[in-house]
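Consider the two complexes below, in which chain A is the common component and chain B and chain C are the respective partners.
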Partner chain A sequence: MHASTRRTYLSGLILAAALLVVGFLLPAWLLFTVTKAIGYGLVALGIITLMRGGLVSFGQGLVYCIGAYAAGLLATRIGVTEAPLLLLVGMVASGLVGLLVGPLIARYRGIFFAMLTVALSMVLYGILVKMNAIGGSDGFTLPEPTFFGWQPDVGTSDLALYVTAVIVACAAATACRLYYDSMAGMMALAVRENELRVEYLGSSVFNVTVRNFAIAAALGGLGGSLNAMALGHIDPLFSFWTTSGEFVFISVLAGHLSVGAVFVSALILELVRSFSNRYFPETWQMIIGIFLIATIIFLPGGVGSLFQRVLKRGPAAGRGESAENEGRAAP
Partner chain B sequence: MSGTPLKQALKGLMAGAALAAFGVGAAGQASAEETFKIGVVTFLSGQAAESFGVPAWDGGRLLIEKLNAGEVPAPYDTVGFGGMKIEAIPIDEAGGATKQVQEFRNLVQREQVDAVVGYVSSGDCLAVAPVADELKALTILYDCGTPRIFEDGQYEYAFRTAAHATMDNVSIARYLQARGVEIDSIAGLNQDYAWGHDSWRDFTASMGQLYPDADVVAELFPAFGAGQYGTEISALMRERADVVHSSNWGGDLQSFILQSMPRGLFQRSQVVFSAGDHVIPALGNNFPEGVILGARGAYGLMSPDTPLNNWWFETYQERYGVIPVQAPYRMAQALLGLKSAIEKAMAANGGARPTTDEIRMAMKGHEWEAPGGLIQMKLGNGHQAIQPTAIGTTAKDSDGNITVVDIERFAAECVNPPAGQNSVDWINAGFPGAQCE
Partner chain C sequence: MTSDTVILEARDLQKRFGAVVAAQDINVKVASGEKLSLIGANGAGKTTFMNMVTGYLKPDSGAILLEGGDVTKLNPRQITQRGVCRSFQIPQLYEPMTALENVMVAIGASGRRFSFFQPADLNETVEQARAMLKRFALDPYAHRPVSELPGGVRKLLDIAMALVRNPKILLLDEPTSGVSVDEKFPLMETVMEALAAEAVTVIFVEHDMDIVTRYSDRVLAFYQGQVIADDDPSEVLSDPAVQKYVTGTAGPATAPAGAEKEAEA
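And now, the complex of A and B:
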């Protein structure tokens, strides 16, 4: 095993272990907030995957919603409440949709790609709003999830979901890091820099884009099914453009330099929203807006660039991932 | 500059953590003896704010102030909730059910509120009710329309202190019959989401029972927030239906009214608005005459002549300069219900501060007098209210101001399904067990 691969595995494991320990110390509301932030962070991780290839999807609500509805329908219609299974089904369902949709839109770039993704997510929203058999615009309620046959009681269900979320998040982040550092993952950076040259060198831009889109979709589905279980209720707003907008915001806040940053950004956004809601009930949207503008002005490279700065000052400076980082702090 | 945003973010996080620690530590101590903390969740921004959320919070804020001062007429003349001062935390309902579940949890787990009163949107009510049971948190759903909450589910800690939307449309159909309106054809324009579809379903089903020969000639479902109804109005004008039904609300209803008036729709058909009273303050004397109007209860211009209601109407009008419409009435009805249940629980346990479970048991099947009439928790195993309602027709008074005349009052049992009955089935079975005077 390559040294950097081993280091990625190791940091994923250490982080997961640390977060699990922290989970036992957090108050209940924060457990839930972190779980929800991880759900959002997973979707944003998908957008980061696309961003590395120079694309931004403004319609990740599509796959987020499909993951949630796949898990929700399986739980309510067939009675499967097993959390790992629901996560898997959500991820696979959205991944398949990604594989179907990806080839159709993979040749578009920039605003056209973004608008097509919004259009598709709003089509799903429109369909779900009209489907009164599954709750229409009001959505429907999910049963409490079980974990390998174990039904946690009231006090421990938040913790059980948190543990699940942390494991999923660390696994997804580790897998993404490995993919980004692999030859296939590096191609995305090349695509962003110069598509023509990639084609001349014998690689397929189309394949890279479709692969990234499918991965992003699978991550979106994973986040959707996780949040469906955490919230206990799903509705078509999961696919609404404002939801997709939040995912993009989280990605912008995180930047594409670090896979851990998306989860930190998602949590920051949740906390800013929650506390501004509590203390400024009539102007909370403005607080979030100011926060977003401030982020863009003062931290154009995202939260991830802060990690990088800290790393560069530390003893590990110049090692490992630096090949990717040179001159990329401000895209 | 480089370190500043991170430092700020960390500071914010630490403040949050400190606050959380403080919140957990302070729970159940001496200060809690004197106050009863409620979270009030309603729309403070977005489309439903002007129509429902802001008037409801205005009403709630006013009533809480008067209750804390002990200035509400009997039987609500004790201070606060059974002597405990009421402390309210307002939260904006805008942002979808996902955000509401999160903020509900934050209210209960972080702010340690004793009860949550709120929710206009049916989707939010459906999402929050199971969480209320999970966290064992007393929750009063004060407004939302859908009958699904207690017909599809069963909850122990969630209560709805207002009748669901079935009443609104059954009473409209009964009003048409009571006033002897001749009807051969009906048409509808409703918003294309659950509320609009449910309202239209209840109305056509009720008309099917009371006017079996009337035909449905147009069913229009423009998108929620459409704002432009030119095509739909043309279709309605062409069909010349005897009755045009709409459950539209807020900006959608205002646009529909303003765009229909110059086209003469109100002259060509008898228009009924099942929940339209709340746009009267906004439209004022631009509101058309001769429209049959519901208010989702005996509220506002159709409220009964009781000392409690007269006090409420005048106090609200004096403070805000507009008449109270459905939303403040529904908020008042929820707060007074909570107050009387708490005081009932206190009377039962010898005057001590009641536990959540004691209040919950007192609330179950409870009855209390509200400005809009007697509220009875008779459905959904004692968790869903029924209430009397009133329907009227708009007219101009001698000064040219819009008012409501020809008011018909309907008893709660006349327009609400009996316990254990699904509302749609009840209507389709011909209203079995309905008691109308």
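And now, the complex of A and C:
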């Protein structure tokens, strides 16, 4: 195995182990917050995958919601409560939607691409609100998940879901890191820099875009099904544009350099939200806004660029990922 | 080097941009292994010709045949996959990446499949990229972001990336433009040395007539979208129409004012 591949697997394993240990020390409310943040982080991981190919989706609520509803319907209609299975179904359902939608919008760029994704998510929102058979605008409640036949009691179910979330997140982050560092991942960076040249070297920009969109969709579905279980209740707001906006916020705060940063950013968002709700009601959007402005001005590469500075990766590992250029138009 | 096999043929190509005639009645046969240069003032239609051959622009009418097969409707990617590669008048590079990474992307793009879980910087890829840089004497720049590199180096890198696929036909759009006069010959020498081992057919746009004479078997002279001369370098350069409209060497009595300046620009 290549040295960098081994390092990626090892980092994933060590991080998973550390987070699992931490889980047994955290209070229940924090466990819930972290689990929910992991769900958000998974969706944002999809967005940074797209960002590496030069695109941003402002409508990831679409796949987040599809993942949640797929898991929710499977649990309530068919009675499947196995958490790993619900996660898998949420991921596959959204991934398939991504594969279907991707080719239709892959030729659009910039604001057109972003607005098309918003439009699609709002169409889904509109449909779900009208579908009274599955709860309409109220949504519906999910049964408690089981884990390989084991039904945890009320005290341990948060921990069980946290453990599941950590394993899923570390696996997803590891897979993404391997993809980013692969030739396929490098091709996505090349697409972002110069589409014309990618085609003139004989590679397909369209394929790269569809692939990234499908990966982002699958990750969105994974996050959606996880949060459906964490919250125990889903409704059409999962597909609302403000939800998508939060995913974009997390992604911009994280930057696309590090796969771990999305989870840190998601946790920052969740913590700011719960603390300001408790101590300074109605101010959390303002605090989040200030965070975002500070990030764009002082840390254009996102939280992930801090990690990179600390870890100091080798010269070949940079792969054209300059943090400095982010967010600024080329001359 | 040159054989009798026709590798590329342009038949009756026409292309207009509104009132501008960018290509008119272009009929060209290129023999395999030939070194063909395109000359002509700015706006004469040289780049348009390359854009049509590589599928970036569709001719209004006419056909392009590659090894006898019609490729007129193919896009640049499909043309590239058939072994026609090009460099650009303005180098098309991945700016934040290093020179080495730029070539690695070219290598990746030329592979049929690539693994998602194998790192891009596998030893064999890096070695292949380094070897290509070395052929163009670019190894000192391997780890520099290309946005920081001087014009001539960027030109060479642009060509090196086009060569990764071992193309049958290599189109070079003004390889020596934007480079100081005394750097032009060494640059062209580097390019031709890098190509020496290949039986590649080269079509290049050039404004310096000394380079044209030295490095091409045959010259096409363009004027207002038409090919006004097509022959050996010495024949073309002594053609009165070429001297009048392209090289501006016909003497002060016949040369249009500023023609020389235009041709050099």
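What to note about this one:
One rule holds in what follows: the second predicted complex is superposed on the first by the 311 of 331 C-alpha atoms of A that agree within 3 Å, B and C clash if a C-alpha of one lies under 4 Å from a C-alpha of the other, contacts with A are read in each partner's own complex, and residues count from 1 in each chain.
Definition applied: contacts are C-beta pairs under 8 Å (C-beta built on N, C-alpha and C of every residue); 3 or more make two chains touch, one makes a residue touch a chain.
Since the model is a prediction, treat every value here as computed from it, not as a measurement.
Chain A has more of its residues touched by B than by the other of chain B and chain C. Once the two complexes are overlaid on the shared chain, A:Ala184 sits against chain C while remaining clear of chain B. When the two complexes are overlaid on their common chain A, residue A:Phe275 makes contact with chain B while staying clear of chain C.
Of the two partner chains placed around the shared chain by superposition, chain C is the only one that A:Val198 touches, whereas chain B remains out of contact.
In the superposed pair of complexes, A:Pro145 makes contact with neither chain B nor chain C. Within the superposed three-chain model, A:Ser4 lies in touch with chain C and out of touch with chain B [touch as defined at top].
In the superposition on chain A, A:Gly12 contacts neither chain B nor chain C.
Shared-chain residue A:Thr295: touches chain B; no touch with chain C.
Once chain A of one complex is fitted onto chain A of the other, the partner contacts of A:Gly41 are absent, as it touches neither chain B nor chain C.
If you check the complex, the residues on chain B that touch chain A are 1-2, 4-6, 9, 12-13, 16-17, 20-21, 24, 44-45, 89-92, 94, 96-99, 101-103, 105-106, 108-111, 122-123, 126-127, 129-131, 134-136, 146, 148, 153, 192-195, 197, 224.
Contacts from chain A toward chain C in the complex involve residues 2, 4-5, 175, 178-179, 181-187, 189-190, 193-194, 196-204, 315-322, 325, 330. Those residues of chain C lying in contact with chain A across their complex are 54, 75-77, 80-81, 85-86, 92-98, 100-101, 104-106, 108-111, 114-122, 125-126, 143, 145, 161-162, 164-165.
The residues of chain A lying in touch with chain B in their complex are 27-30, 32-33, 36, 129-130, 132, 135-141, 144, 154, 157, 227, 231-233, 235, 237-238, 240, 242-243, 268, 270-275, 277-278, 281-282, 284-285, 294-295, 298-299, 306, 309.
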